[in-house]
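Report on the following structure.
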Amino acid sequence: MPKKLPDVQNHQDSRGVELEKVGISNLSYPLKIRDRNNGLQQVTAKFDILVGLHSHQRGAHLSHLVSALVRYKIKTFGMDDLVSLLKDIRKKQDGEGIPFDSAFIKMSFIYFIEKVAPESKSKSLVPYDCGFEISLNNPGYKSVIVNVPVSTVCPCSKEISNEGAHNQRATVTIKTNQKLSDKRIVWIEDLIRIAEESASGEVYGVLRRTDEKAVTERMFSQPAFVEDVVRNVVVALRSRIKNIEYFVKCESFESIHPHNAYAETSGIS
Amino acid sequence: MPKKLPDVQNHQDSRGVELEKVGISNLSYPLKIRDRNNGLQQVTAKFDILVGLHSHQRGAHLSHLVSALVRYKIKTFGMDDLVSLLKDIRKKQDGEGIPFDSAFIKMSFIYFIEKVAPESKSKSLVPYDCGFEISLNNPGYKSVIVNVPVSTVCPCSKEISNEGAHNQRATVTIKTNQKLSDKRIVWIEDLIRIAEESASGEVYGVLRRTDEKAVTERMFSQPAFVEDVVRNVVVALRSRIKNIEYFVKCESFESIHPHNAYAETSGIS
Amino acid sequence: MPKKLPDVQNHQDSRGVELEKVGISNLSYPLKIRDRNNGLQQVTAKFDILVGLHSHQRGAHLSHLVSALVRYKIKTFGMDDLVSLLKDIRKKQDGEGIPFDSAFIKMSFIYFIEKVAPESKSKSLVPYDCGFEISLNNPGYKSVIVNVPVSTVCPCSKEISNEGAHNQRATVTIKTNQKLSDKRIVWIEDLIRIAEESASGEVYGVLRRTDEKAVTERMFSQPAFVEDVVRNVVVALRSRIKNIEYFVKCESFESIHPHNAYAETSGIS
Amino acid sequence: MPKKLPDVQNHQDSRGVELEKVGISNLSYPLKIRDRNNGLQQVTAKFDILVGLHSHQRGAHLSHLVSALVRYKIKTFGMDDLVSLLKDIRKKQDGEGIPFDSAFIKMSFIYFIEKVAPESKSKSLVPYDCGFEISLNNPGYKSVIVNVPVSTVCPCSKEISNEGAHNQRATVTIKTNQKLSDKRIVWIEDLIRIAEESASGEVYGVLRRTDEKAVTERMFSQPAFVEDVVRNVVVALRSRIKNIEYFVKCESFESIHPHNAYAETSGIS
C-alpha cells in the first residue's frame, strides 16, 4: 500500500536550524537554450537546484526538484524561462510551508559559436563554458556567466627581450548580475566578444597559415597582462552594457611558470 | 601573398623518429549520434584525432584534422560514419606521403537514456559517460565504451551485521573491441543494461517513495562485491554478445573508506 | 645591463580601474603545518596569493609573491605565521604605493590523521582535504576549512524498506571565519571530529571484519539526510566552538541517483 | 565473538571468471621517496594496489593491501622497496591460494626540484607530477613516469609572422619500463632534465626581469612543434639512457586554439 509509506522528510525538526540551500547538485540534463544567431542551441547542462528550508521541517522533497525539470523538457530556455521554472519549484515546496523567496538554480554548459578565420574565412566552432544562475532570495538576482579562452602576450617580456615574448592560453570569466525585474537580455555572445577583444588574441578552431600569421601579429600588437585584460573588460562593459553589476577575472597559464597569473575585480558598469 | 608562406610542417626531418600518433586532443564538438530508441541524439563530444607520422616529415597539418570534422557537421554519427571520417582524414594526410593504416579517433560524450521508475512509472533521464574509439592501424579495431553509475551492497557487511549493510555508488566500465570488418552494431543501450543488471542496484533520476522502497529492497536482495559485478558482466556478455573482445572494470566509492574498491578483467566472450 | 631593463609593471595606468585581487594562483609548495597530536605535519599545498592594485599602477610584481613564500620555506606554518607572511607580502608591495589593507592568501592541502578501528584497534591514516584562508582587507578574517568524507544512511529509505537502506559516501565541509584579532586556535582535528560525529558513519583506512560489523551497525543506528548532517554540525559548533562564524555544507553521492543530495547553511555559533 | 564472523570473500566462486586486477584505488598516503640531491623527499602519494584473483575465489581481502602499506610507513621508498612491498602483498594473498606472479602497484605524487634562474640565480621549487608503476606479472616490469611542464614556441608561426610567434605551456610525459631484474636506477631528475631540454623552454618558480629576458630569448631560439619535442626526447634517451623501453608524449595547450596539439611515440632507446 504505497499511500501509507511514512513521509520522513515531513517530520518536525527541533534543532532550530534553518537551512539556506537544500536540494540536488551535479544533475546532468539536455536542453535547448536561446542562441542569438540561430534561435536555439541544444546543450548538455549541469544543474544545482536548491531551496531554503524552515527550521521546523526535517527534509526537502528532492524528487520534486528533478520532476520540475522533467516537465520543462521540451521547452526552450532563456533566462525568463529559468525564472519561471524556479518560481514553480518554489511554489511546489511552499505547499510544504516554506516561504516563497528562497530558491536557487545554477546551470552550466558548453556553448558553441561559429567563428570565421581572419584571412581564409574558414568557419569553425569554438566551445565556451557558460552558465546561468538565479536566486529568488529577496531581492534576488539573475546572472550570466562566460568563461572564454583567449591568449595573452606578456608586455614585460616583449619590452625587455630582443626577440619575441612569452604568451599563453588564458581564461577570462565575466559574470553579470541583474535584478529579477531588469528586462534587458544579456547575451552570452556579447560577453564573449568583450572578453575576446580585451585580451591579446582570441582562439579559433581552424586556422590556415595566412590566418595564423594574422592572429600571431595581432597578438603581438596588443600585449596584455592579466591586469590589463580585466581592466579592458571593465572599460568595455562601461561603454556597452551600462549600469550592470559585474565580476571579472582572468587566469593566465603562464608558459614560463608552473603556476598561473591571476586578476579579478567587481563593480557596477 | 599567402601562397608564398613557407610550409614548415612539410620540412624534411633527419632525427629518424617515427611518431605513432600526432594530432589534436580535447576538441569539443556538437553532433548527433545514433540512438536506438529515438533515431538520433545530439551530444557534446570531446575528440582526440591522431595520425601516424613518417620519420622523414617534420609535422602533421593539424588544421586538416579539425576541418574534416567541420565538413561532417550536419551528418549523423554511427560507428561506420566515424570509420569513414577517419579514412578520409587518413587519405588527406596520405597526400603528404604517410601510409594509409595509421589513424586514430576517440570521442566521449554524455548520453541520456529515459528510465522508468519501478513502481510509480515516473520517467526521467539518466546521463551516462560513453565513447567510441577507432584505430585504422593494421588490423585496426572499433570500440564502444560505457561508464555506468550503479549501486553496490557489500555482501560481507550484510552477512556479518545485525542490521543493514554498507552500500555506495560505483561505476561499471565496459569496453568492447571489434574488427573493422565486423558488421554487428554494439548498442550503447545493451552495454548499459548489462552493467545495471550486474550490480546490486541501478540509478534513476526521479524516484517516489514507493520506488525508493523497491529499489532499496532490490539492492539488498543482490549484494555484490566489485569482483561480483565484473564477473556478472562477463557472464552476461558471454550469453548476449558472443565472440567479442571486452575490457570490464568496476570502481566502488566505498562508504566506509576514503579509498575505492576496484576490479577489472578482459577477454573474449 | 639588467639594471636598465624597463619596469613595465610600474607604468602609470589611466583606465581608472582598481583591481581587488592580483597575483598568482595554483602554486604548489611543500611545507610543514601545525599538527595538534604530532607537532608538525609536512604537506604539499596549493596556494593563491593575491594583493589589491591601485587604479594608477599597471601591474603587480608577481615574482615577489613567490619569493615571499620561498623565504618562509623552512618555517612552521600555523595560522599566525600565514598572517605574518601575508603582512610581509603586503608591505613589500606597499613600497610600490599600494595601501596596506588589501591582501589575500588561500592554501589547500591533504592532511592525514591516524584513526583507530573501533574493535580491532587497527591504526591507519585517513586523508582530509583542508585549507586556510586569510584576508587583510579591512577588517579582514582568517578561515579554517575541512572537507570530510563520511557516510550517510537515508532515513526515508530505512523507514519504508523491509530490509536495509541506501547509504553512500558524502563530503561534509566546515569553514570557520575569525577576526584577525581573535587569538583562539581552531584546530583542523576538532572540525573533522564534529563532521564525523554529525554524519551516520565515519570512514577508516583499515577495517577488519569485526570493525566492519561495528561500523555498519553504527551507521544504521544513526540514519541522516544531508539536512540532518548540516544541522548536527551547527548544533555541535554551538556547544563546542562558541561565537564563531561558520559555513557548513554536506554533499551526498546518492547510491540510487546519478546526482547528489546537497544542503548548506551559515551563521554564528 | 568476532572470530566466528563468516569470511564471505573466501567463498568458492562458480562463474569461472578469473580477475586480472582486484584491490583498492585512489588511496592517499604520505611517504618519503628517494631524492637524488637531498637523500629523501616527503610526498603525498596516491596509490592503486591490485592483485590477480583465481576464478574459484569470490573476493580479495582488501584490508590486507592497505595494512601492507601501513607497515611500511616509516621506511624510505625507492623502486626496490616498492618491489619488495608488492612481493609481500602478493605472498600474503598467496596464503589464500592465488599464484605469485600477479600483482600491480601504481603511485603518483608531486615531486619538487629546486631550480636556479639563469641570470639572477634566484632559487625556487618547481612541482612535477611523477609516478612509479610495478607489475609482478610474468615477466613483470617497473616504470618511472614524469609529467613535465615546459613551453613550446610554434616554428610555423615564427617563420611566417613579421613579429613574434604563438607559444604556450605544454606537458611532456616520459615513461620508462624496465625488467624487474634490471638494476639500473632511472632517476626522476634525469627524465625531467631530458624533457626540459627537449622543449623550447622550461618553467621556473621565480624569475627576475633579467631572467625573463633570457628565458624568452632561449624559447625563441629553439621553436618546437609537439612532434619536435617528442623526437628530441627520443634522441636524448638514445644517447643518455640506452636500451630502455620508453613511452613519450607531448600535449601543448595552444594559445591560438581552444584544443591541444598532441604527439606520442614508443620504442626502445
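List of remarks:
So that you can tell them apart, the chains are marked A, B, C and D in the order they are listed, and the count of residues begins at 1 in each.
In the analysis below, a contact is a pair of C-beta atoms (placed from the backbone, for glycine too) under 8 Å apart; a residue touches a chain by one contact, two chains touch by 3 or more.
The shown structure was predicted, so the numbers you read here are calculated from the model rather than taken from an experiment.
Of the two chain pairs considered here, A-B and A-D, the higher C-beta contact count falls to A-D. Farthest from subunit D, judged by the mean position of CA atoms in each chain, is A. With centres defined as mean CA coordinates, subunit C is found 25 Å away from subunit A. Rounded to a whole number, the gap between the C-alpha centres of subunit A and subunit B is 28 angstrom. Centroid to centroid, with C-alpha atoms defining each point, subunit A and subunit D lie 35 Å apart. Each of the following residues of subunit C touches two or more other chains: 5, 27-28, 66, 127, 156, 160, 205, 207, 209, 213, 257-259.
Per the touch definition, subunit A reaches subunit D in the complex via residues 126-127, 149, 151-154, 156-158, 160-169, 201, 203-205, 207, 209, 212-213, 215-217, 219-221, 253-259.
Touching subunit B in their complex are the following residues of subunit D: 5-6, 8-9, 13, 15, 17-28, 48, 50, 53, 58-60, 62, 66, 155-156, 159-160, 225-228, 230-232, 234-235, 251, 257-266. Only residues 2, 5, 7, 27-30, 42-44, 63, 66-67, 70, 109-110, 112, 119-120, 122-125, 127, 205-210, 213 of subunit C touch subunit D when the two sit together in their complex.
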